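In the two complexes below, subunit A is the common chain; its partner is subunit B in one and subunit C in the other.
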Partner chain A sequence: MTFKIFTLLLQAAVSTIGISLVSIAIGFVIAILLSAANLSGKAIYSAPARVFVSFFRGVPLLVQLLLIYTLLPAIGLNVPSIVAAIVGLSLCTAAYQAENLRGGFASVPKGLIEAAEVTGLSPRQTFFRIRVPIALRLTLPALVNEAIMILKSSSLVSVVGIIELTKMAQDLASSTYLPIPIFLSAGLIYLVICSVIALIGRYAERRLARTSI
Partner chain B sequence: MIFNPEVIIEKLPELANGLLVTILLWVAGIAGGVVLGFLVATARRFGGFVTNAVLGSIVEVLRGTPFLIQIFLLYYGGPFVGLMLDPIPCGLIGLMVYSAACYSEIFRAGFGAVPAGHVEAAGCLGMTRLQTIRRIQIPEMAVIVLPPAVNLSVILLKESAVLSIITVPELTATVSAIGSQQYAYLEAIFILAVVYWVLVELTDRIGRLAEYRLSRLRFSKA
Partner chain C sequence: MTLSAITIQNLVKRFGNATVLQDINLEIPQGKVSCLIGPSGSGKSTLLRCLAFLEESTSGMITINGEALGFFETPSGKRERLPPGQIRAVRAQTGMVFQQFNLWPHMTALGNVSEALKIVRKMPKADADEKAMAQLRKVGLENRAGHYPSQLSGGQQQRVAIARALALEPKIMLFDEATSALDPELTGEVLKVMRDLADEGMTMVVVTHEIGFAATVANQISFLDHGRLLFSGPPAEVFAKPRHPRLDQFLDTYLDRGASMLA
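Moving on to the complex of A and B:
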């Protein structure tokens, strides 16, 4: 395997990282909205949120991607396949992140919420200034895990024709007849990125541990 | 937009075939993964430093790379080292190896969670090491590992959909083929999603029931 092939794989890895980062960020915003709906205590908000989480955690990501990829054009939204891929990944990770956050929100001490109310914070202020920061700190390890999962899952967007690390490896393997070194290199690149995310997560955890609740 | 699921319902026997392949692969993947994973976890715990380090790095690699890459390596790379596999055996082996790596981590955590006092107490009572493993560590571990093991089983069911990419004739491959034939791709994928959803929810419920039954046997955390 030549140096040039490895460079191509590294370039493709950049799009893998980009797709994953954007999806995790969008997914996080949706997850916070889902958590707000769940904590609202009103069935009109919490029931759809529960169905959403259950559906996106219950259906394989590959099937979700195929569904979104065919559904968007069918309802008249002709978006590029990269958008469909990011929408699919974001919705999926939103469901998992919401489920992780649920545990975090449940562990926010009651006294803090009551104190916030007594101090005169509105429910919205209590949510964004008290509950979210504390829940986030409590679920950080789970969120880092989820980031690693999404990075690995992003390999599936190759199925809808996005050129990222897996698709690039597949194309190179079939044009050079060198599947073993190419897939091993691709695997190695994934492994390195995952390890870096895990390291960053551990660093962030240690930073946050200094300020206790 | 026309939504017409009847054209898919007509092909119910084919769909059932795909479902059967998925369930067989899934169950075999779990069974193989649990047995292999247990052996790996036991070897890592009792097999000395070198065994632990070697198996540990293999597990890390399998857990740190996408399942799809592993499958591609086995399916497209295999023939270059004399390993010609049809899609189904290739998918089965891939699924088993991947699940073994994941289950081994669950079992390892399980071994770690058995209180040292229980093991010492067994030793004081004159149990041999094998007896302690068989009569104390494994039963106590079973209660601890059940929730994460159920969780992993659900993940494996969903991972098995990936095998459609190397043309294993399981549920996803079968239903998307029906969809293309019938010019009803969206309907097909929609039904596919619902079938997986029901399967996952069902597994989850059964798992929670088993957890509840077993939780009565849970030892006190001392």
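Moving on to the complex of A and C:
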């Protein structure tokens, strides 16, 4: 295997990382909004949020990606495949992150919310200043896990025409007839990225330990 | 005549079918310490939480410094909810201290005390910090400002919680068993802060099992039993013998909390 091939794999890995990070970030914002809808106690917000979560957790990511890829042009939205890929991954991880956060929000002691209420914080201020930071600390390990899952699932976005790490490895393997070293290298690159995410997660957990409940 | 800081009229609170407060009538005087005592489950916390509007009463009226809390009665006698802005304004007159401290774990002592100043009162950070620092100094914790709750003892946490409430300059402080979650050797530092506050003329409503504190600091003692206010009066009167039989029974179980001095 030549240096050239390895460079191509690394370049594809950059796409994998980029698509995954952007999707995780967008998914996180959506997950927070879903949590707010759930905690609002109003059915007009919480019911759609629940349907959203059930749908995106219940349908395989591959099917979601194919649906989005075919659905968007059908309703007249001609988006580049990178957008379709990110939308698909974001919505999927949003559902999982919301589900993880739900447990965290449920574990925030009621007294801390009441303390916010008696000091005059509005429900919205309480949500962003008290509930989210506490729930986030409680669910950090699950969120790191989810980030790793998304990074690995991002190999599926090749179905909408994105050349990320897995797809690049497949293409190179068939053109060079060196499948074993190429797939080994690809696997190793995934392993390194995931390990780095896990390390960062563990560092953050340790840093935040004394500020958690 | 002393002015009333809080007037409670015909207050009833039900949880489902259970009536937890039955027709409570009480005047809490301004600038005085009013202690609520009574057996476990008698409704002390519920009454205090109604005063903080953490619980909404089922019927009856609460007036704080002359302003209705939460509900008002129309001339026809119907009870209606006040608009949110008005409820907030009346609630802002009270500060509350909980048994479990309830400090926010992700903020330092200073962060806890300055939070509402910054977020609710919209004070610039520097001013809020300065004011929060002054409150921490008052409870003897200025050198713990940068500590997180997890790095503070229970007594220190409760003093931070008191500073957090005081920073908002309430006219009335509500305490729900502020020392019950503390190791015995730590109750003293919290009770001292409460005594100092009483000496400054703060109106205080204190739910407590510290009979010694109630007997020595309170101007008014109210005894709750099964959701009813059995009697209320100055400690000298309430604790004078012969006592109400329910109070005698109750005090017997609290000899170790300072009730022995009344025996």
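To be clear about the criterion, the second predicted complex is superposed on the first by the 211 of 213 C-alpha atoms of A that agree within 3 Å, B and C clash if a C-alpha of one lies under 4 Å from a C-alpha of the other, contacts with A are read in each partner's own complex, and residues count from 1 in each chain.
FYI, contacts are C-beta pairs under 8 Å (C-beta built on N, C-alpha and C of every residue); 3 or more make two chains touch, one makes a residue touch a chain.
Source: prediction; values computed, not measured.
Q: Just checking: does A:103 make contact with subunit B only, subunit C only, both, or neither of them? Give me first, second, both or neither.
A: neither
Q: Please indicate which partner A:130 is in contact with in the superposed arrangement: first for subunit B, second for subunit C, both, or neither.
A: So A:130 only meets subunit C here.
Q: Is A:58 touching the first partner subunit B, the second partner subunit C, both, or neither of them?
A: In the superposition, A:58 contacts subunit B only.
Q: Mind working out whether A:120 is in touch with subunit B, subunit C, both or neither, as first, second, both or neither?
A: Only subunit C; A:120 stays clear of subunit B.
Q: Could you figure out whether subunit B or subunit C reaches more residues of subunit A?
A: B
Q: Tell me which partner A:112 touches in the superposition: subunit B (first), subunit C (second), both or neither.
A: second
Q: Check whether A:48 is in contact with subunit B, with subunit C, with both or with neither, and answer first, second, both or neither.
A: The answer is neither, since A:48 touches no partner chain.
Q: Going by the contact rule set out at the top, does A:80 touch subunit B (first), subunit C (second), both, or neither?
A: Neither partner.
Q: Could you say whether A:166 touches subunit B, subunit C, both of them, or neither, answering first, second, both or neither?
A: In the superposed model, A:166 contacts subunit B only, not subunit C.
Q: Where on subunit A do subunit B and subunit C both make contact?
A: Shared contact residues on subunit A: none.
Q: Quick one: in the complex, what on subunit A touches subunit C?
A: Going by the criterion above, the answer is residues 109, 111-112, 114-121, 125, 129-130, 133-134, 137, 208, 210-213.
Q: For the complex, which residues does subunit C have touching subunit A?
A: Per the touch definition, subunit C meets subunit A at residues 52, 54, 88, 91-92, 94-96, 98, 100, 102-107, 115-116, 119-121, 148, 150-151, 161, 164-165, 168.
Q: If you look only at subunit A, which of its residues touch subunit B in the complex?
A: For this pair, the touching residues of subunit A are 54-55, 57-64, 66-67, 70-71, 74-76, 148, 152-153, 155-156, 158-159, 166, 169-170, 173-174, 179-180, 183-184, 186-187, 190-191, 194-195.
Q: Enumerate the contact residues on subunit B facing subunit A in the complex.
A: Result: residues 1, 60-61, 64-70, 72-73, 76-77, 80-81, 157-162, 164-165, 172, 176, 185-186, 189-190, 192-193, 196-197, 200-201 of subunit B touch subunit A.
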